[in-house]
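Think of it as A, B, C and D in the order they're written, each chain with its own count starting at 1.
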């Protein structure tokens, strides 16, 4: 069987859009095997994810046909045949990186890790075990601007589809974020919007919460305020010290980032203002 | 705003079905705001749930147009305007019944409870608090056939859409099940297929499981083997006696049956052989 | 078998406390069948919950023996033989109240509901179905002080062990809270500390969260800042409107308050500053 | 601060046991900071896990004092100072092994992996990246007895505390199990006791379940019937193929085995007939 054709659409809503789109798909002799569609009527926006079987003879022609009929400013993604490429940014904590590199190693990630960049060297030996390049770019004794410029150049050398902040502990400048608009994914060590900012587990312990969580989100200029992709939680109790919470938190951080990457890599996520549409 | 039009389709798959269907919908000036479609290619079956906004001027004409174009044997359900009616069967345990009657009382069930039938009288006073008729039909000193015939007659008097076994503890005969084919929903007190049959909590305790569950399913001739609608679980531990497991189990039974009813009442469930398609 | 003897202790920590306590228990011919002990070394505090089997011949003597040997300011609770009494405060929403009244009706609550007080009359008919007194005390055209004074008098007439705010939507004054110190339990419609204050589901929708939650906590002077008893969450997604979130939220609110009441009624909760020790 | 002293006790129940034990602990100048005790009255068995702070001057004397006073046949474990050693058995699937080796590499496992033994060579390169010896012992063209004898000899060379079956797909003989009684931990790819035996995900797909799970348990002679340590689940739906269920299942298998290892390594698990006491 040939690979399924995937069509992602994000455009202004209009009457008869599903008919228009499905007619074009039928005219290309593709059979729709799974379709998810969502309209936000307040925003007048249309979102769809369509999986088709059948031989796609001419991808460009399908895209052109869709583009011609859909409302202006439609974003259409047909059948991404190339594996997505990721660059991972880290500081010192290994748990999220290790999860990604193991999946990459056994080819269960669905994407390729092009490189890892760290502002400390701690994770270089581990990364290199897997044959992945590790670039150490220190922030020490540099202006933030110079430091970020070095990282941007290094990332750009790989032309990645996404930049993954896998417990990267430096705040990004608006210029950095703008350069990779919609492409940066962060794992935040709390159940946002609870405990924004530093030391969330210390805050959680002081507040005596009974559940902790983690949040994977796209990065925008507002720290910890970008569109949320997915979240999850773990129960804690009065016997947990701050250190125990950090340990439990790492498990949920790892699981949440992994789930978010799966959604993004499988083209299940569309950004809609400060929210996301996730066609699970 | 007028009520949304809901279209449920279950038919043989064919190339271009989504186009056919959405063209018909567009020709009736309806806008598709949420669509879920699923094709089982092994079984060559097509399932869809479509929510439309706009004024549906002629429901019969829409149904006729769909029927004319879809493959033979298509099941099409358009815009059920009447509230569904439920008859609830009980024995002695109150927890599932109480949940249903409270929702009915405050009109958050999305359906109407027409009557409750019990093979014991225990739950009559509670049911009658809510102004719902309670029919006591005892199984004692009757043949199973006579007993079930009495129940069938009582149920038929209400012409319900669904019969809910809310901890009804008598096994139904194939004749009874056939009479209400696809309309009987049961809550089973275990995480099927574990612990089929009687005393599942006793079995679970003996086995030393760490999680218990419950399963809501359509009833077929095979006891505990009908299509599963939804399931859920709760953690237990070594301190739980059988009685504690029963108590914890009642909470999950109640929650699972409530969820299953919501799915069925909102027309989100399609039966597909011994499985269900649930468009959550 | 006689009823188990339950001993709850909250005191300053000291070397050998478990030995002291268990010697006294043994001298009263009781067998410890389940013991949970927790020491907060930073705070130098000792907490224990001990379940004993055997005939407790002289409860007062056991209490006296414990009091004599334990550090000053010890709180000791032995074998509460009387069922706890609850007064429930409501406004207009029924879901938490209904859950409590159904459990009370079938004697699965482990406590007794003495009365319900509402600042609106909406829930009077439902409450009275269960034979529970409903007192309507309106806040309209009264000073907050007068209004609360009326409620306090009505509550005091029942001498309840706990006051349950089951979606009671008025903010309590410090004087009110002080009058019932450590006895008021609230269900907050968010996963605290996220979305403190009003309209949490509106806030949650705008923020695009993928999980919503609820929190049961003791009430202190700081609104929404008292010791958390338990929390739970439900998944939501991009298809949820604010109204859908409110509906999903009610399910989790009901479940969380029910769980918190169970913990409190079974004497599993000790307050420790702004946190709780919960011996689940 | 010195390392806490951990005391695990498993013996016949008797009146005053907690007093006896805590007196001995106090006489050694240790302060009990966390205690969990459980009595199974039907079985007349006593279980406790006690964490103490303070300088343990003479471990042997503490053990001797406890042994002298406790009922015969008591199992007492005081303060295991040596890190536990694990040998991991694998076949071809990497997900559980990788999780264990990453934790071992970053010293977050709380134990040491001494070696990995595989009946295929597939996982040798991965294992060796981490500097852990990999022994390939093929079952091909050998009697089961000879094959297992080779493995036993290899395991015995490491004198491990536990043997972890991390997706090891050969059934063990009673002789093998007897040789490592109470020391073998398996991850079973289903929510036991559902879907015992082979191809559980195929069975789960056919049955149309809405939740799948995994179970970590001690291995006894009855295949898939040993004492359960922990279990967990993941939701699935009608869109999951058998392959999707296998993929989702691997995530839960990995998480469950990891949790079980943590419990065992931290000495939180006591075997009680075919059940476990887990002092979480």
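FYI, a contact is a pair of C-beta atoms (placed from the backbone, for glycine too) under 8 Å apart; a residue touches a chain by one contact, two chains touch by 3 or more.
These figures come from a predicted structure and were not determined experimentally.
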A-D or C-D - the one linked by more C-beta pairs in contact: C-D
Candidate from A-B, B-D or B-C with the same interface as A-C, over half of contact pairs in common: B-D
Mean-CA-position distance for chain D and chain B (Å): 41
For chain A paired with chain D, centre-to-centre distance based on mean C-alpha positions, whole Å: 35
Contacts with 2+ other chains: residues of chain B: 34, 38, 239
Chain C contact footprint on chain D (complex, rising order): 13, 15-19, 22-23, 25-26, 29, 31-39, 41, 53-54
Residues on chain C engaged by chain A in the complex (per definition of touch): 38, 191-195, 206-211, 213, 227-233, 237-239, 272, 274-278, 280
Chain A-facing residues of chain D, complex: 34, 94-95, 98-99, 102, 105-106, 108, 126, 129-130, 239, 247, 251, 255
